[in-house]
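Accompanying notes for the structure given below.
Labels run A, B and C following the written order; every chain starts at residue 1.
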Amino acid sequence: MDFILHLINGISLGSIYAIIALGYTMVYGIAKMLNFAHGDVIMVGGYISFVVTANLGLPPAVAIVAAVAVCTALGVIIEKLAYKPLRAAPSLAVLITAIGVSYFLQNAALLIWSSNPKSYSSMFSFEPLRLFNNRLSITSVTIVTVVTGIVVMAALTLIISKTKMGKAMRAVSEDKDAAQLMGIGVNKTISITFAIGSGLAAIAGVLLASAYPIIMPTMGSMPGIKAFTAAVFGGIGSVPGAMLGGILLGVIEIIGRAYISSELSDAIVFSVLIIVLLVKPTGLLGKKINEKV
Amino acid sequence: MSKMVPVPSAGIIPERDLNSSPILEISHLGITFGGLVAVEDFNLVIGRTEISGLIGPNGAGKTTVFNLLTKVYQQTKGAILLDGVDTKGMTTVQVNQLGIARTFQNIRLFSSLTVEDNVKIGLHNQYKYDTLSGILRLPPYWKAEKQAKERVRELLSIFNMEHMAKYKAGSLPYGAQRRLEIVRALATNPSLLLLDEPAAGMNPSETEELMANIRKIRDAFQIAILLIEHDMSLVMGICEGIAVLNYGKIIAKGTPEEIQSNPEVIEAYLGKQKEDGSDA
Amino acid sequence: MMKGIKKIKKSTRSNIITYGIVVLFFIIVQFLVMTGRMSSSLRGQLVPIAAYIVMAVSLNLTVGILGELSLGHAGFMSVGAFSGVIVASTLQDQITNAPLRLAVSMLIGGILAAIVGVIVGVPALRLRGDYLAIVTLAFGEIIKNIVNVIYVGFDSNGLQMGLNSAKSIQLEDGGKMVLNGPMGAVGINRISTVTAGFVLIIITLIIVLNLMHSRSGRAIMAVRDNRIAAESVGISVTKYKLMAFVISAALAGFAGALYALNFSTVVAKKFDFNTSILVLVFVVLGGIGNIRGSIIAAAVLTVLPELLRQFNDYRMLIYAIILILIMIATNNEKIKNFINKIGFMLDLKTKNNVNKGGTAK
């Protein structure tokens, strides 16, 4: 029974990683950049929802909408101000800029909300689901997280495969110049991608803060790194890969923590990543790249 | 240590030397990429100091043959013998050390480094000393660096490029970049030099000069040269033997005269060229 | 005199300037310290600055010269730091001469980091670009995790090692904990000196600069500029990638030992992803492939937060904004042209060091 509980918790944590990883992977696919500030957008989402409920006393639904709105706007603004001027720059310059943005967000949060961790009351407070004569109790946050994960993944898959905007996204990620020639607004598509990715980060922020009920300015960096790992694990640039990578990573982390060592759970996660990359150098669902000679 | 070959002022074209043992023997060479046959039953023999041409329409598989010879791809069928040695299973590095050097259709220079360094890198396996000698500047470093520097000058003099030694390779004009690639390939002391479209992007007078230089290289270094080229004046002008490739298969082999009068070639390749209005 | 200098090769002259800057700064620093004109907080930064300079130069070997992105360079620093501390504590009675003990500790720290470099490099260097970057990141995190569960103690019976808890080792009376799990290395005898830092910087420069201008260094740069062409002229890509990576790891190991032996306690968290990124920022701002730039950037950016202290809480925010602005200013075509124009109008030669040379792919 313990194992099933760990598995469910793993899937729940993995769903959060997957939601963050989707943002990473979409931005990577389209802008070909590692957006290291993505994790800090999660933190902003957490704080905004906190402010709306704890400080303004508004209901959780409003808090979630506000967090998503603020983060979506934030993502678009960051892209416009910091990344857009560097479209033609070497990837390393963009990477360092993203790190600058990450420092900026963390320190801005530090100034506004101080470095002291704040306790966060879960946005989802209905009764836990009890199964097998109370032997298995699944918390409300876990249920919401898994359901949200499924909904987000399904919605995103639909958007990317069925809508015109999704088609534009795929075209830009395939070949920016060709897409431009075909009349696709590349800047607009990149903006939309950042908007979606950051909106997802806000959702992840609310879920993460509800599950691990403490928020602080650095709360986004480790989940950010893990989600980045998940994205690479699944094959960076691949949407189904990010989902698969995220969930596997969450499960490995929780199971590793429960059965092997709690101190070494991160080491286990990263070791599995290295092993997977050695066997499949472009991740589980990544495309093989052939260099033309 | 490399054989020090002086660069002669005038060359004498040797007789076709197919009677002595050939430098390259390719038999039944083939490769398929996931079911797609790119090259099939490719047979070719090249003499020790022969200049040969490999021609054919775009996508015929010419560069694939070069990639098979240099082990960028491993063949799925057949054998490649360089000077009697089967290269099967070897790596690009190993076949280079065995004596195959090449240039690339899309120029591949070490573009952030100087012309001199590019050629010195070509001399990597000619003037050796270990890393520690390099870091500590021990005597082997000074000796080898001095020899390499002299050799670089000699090699650059083939194309009168000595004055460009300190320029960044990436900043050279297109034609000079192509010539530098040839020099770099020659620096590895090959017995077979593969040139992938050496005249691409050159004007007629540059092409003319290149033809003279290719002959000069063959005569000075006494090596075999196999080239891929679309410029028919160059191919017909300097090649002693020509193979025509179409859809991965050889459709004709022979002297320039034989090729020019071969009806199958005219249909597959030269004919099309004539329709385009370019000379054949 | 001037004529003599002009005759020297351009690269040699550039190297002499680099060494000259380091020597000059060392003399100035020594002068300021001896005459008591340096604030104690800045004085405390000197050894870390030296360590970060070595870190930046060594990372530049991987990122700039080899052209591979590494996000786990602090992992090698960590290996060097903790093995250096263990060696120094163990040899406390055997080698009473502190500088010699420091040298031995640094050497062993560097060698161990090099060995880890081989273990990580052999599989990882088969991967390309961002995939290699994530593996180095993962490695750095793994090292941090592992150090956190290692307990090392030392008594008359020698060195004892255990995992998971301090109870896993039993020390005699008078025995001493060296590495205490998440508490890190404790009770370190602080034997690092500014002079040792200076010597390490000079050794690092000799290794990296001489390597760059030798057969192996050219092969490494050939692999960076064009892997396929490098193979075609008989250069083993794997060999030279690994060579650059391992030398870079060894130098980071030296720096780690120097750094750790400057403090009485050091925790594994000090060498995490953020430190790797910090060093990467030095490299990029100093100019990819530009060794002198790395030295200056490491020194300036280590002192900068200190100088911004008057802005108190805002200093890291300002640092972040400066970082973003510099990246945009040096990489955006329009702004670059604009700056050059102004520079031209003022008849100033604007030097643009950032992103000179090859870019990491």
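Annotations
The rule we apply is simple: contacts are C-beta pairs under 8 Å (C-beta built on N, C-alpha and C of every residue); 3 or more make two chains touch, one makes a residue touch a chain.
Keep in mind that this is a model prediction, so the values were computed, not measured.
If you tally contacting C-beta pairs for each pair of chains, A-C comes out on top. When chain centres are defined as mean Cα coordinates, B lies farthest from subunit A.
Taking the mean of each chain's C-alpha atoms as its centre, the chain lying closest to the overall protein C-alpha centroid is C.
With centres taken as mean Cα positions, subunit B sits 51 Å from subunit A. With centres set at the average Cα position, the gap from subunit A to subunit C is 31 Å.
Annotation: 43 Å between the Cα-based centres of subunit B and subunit C.
Residue positions 72, 104 of subunit B are each in touch with at least two other chains. Touching two or more other chains at once are residues 228 of subunit C. Along subunit A, residues 293 each make contact with two or more other chains.
Those residues of subunit C lying in contact with subunit B across their complex are 10, 206-207, 210-211, 214-219, 221-222, 225-226, 228-236, 243, 289, 357-358.
By the touch rule above, subunit B contacts subunit A in their complex via residues 63, 67, 72, 104.
Residues of subunit A that touch subunit B in their complex: 293.
Residue ranges on subunit B touching subunit C, taken from their complex, read 70, 72, 91-93, 96-97, 101-102, 104, 108-113, 117, 120-122, 124-125, 127-129, 131, 133-137, 141, 144-145, 166, 184-185, 187-188.
Subunit A contributes residues 28, 34, 36, 82, 85-86, 88-97, 99-101, 103-104, 106-108, 110-111, 221, 225, 228-229, 232, 236, 261, 263-264, 266-267, 270-271, 273-274, 277-278, 281-283, 289, 291, 293 to its touches with subunit C in the complex.
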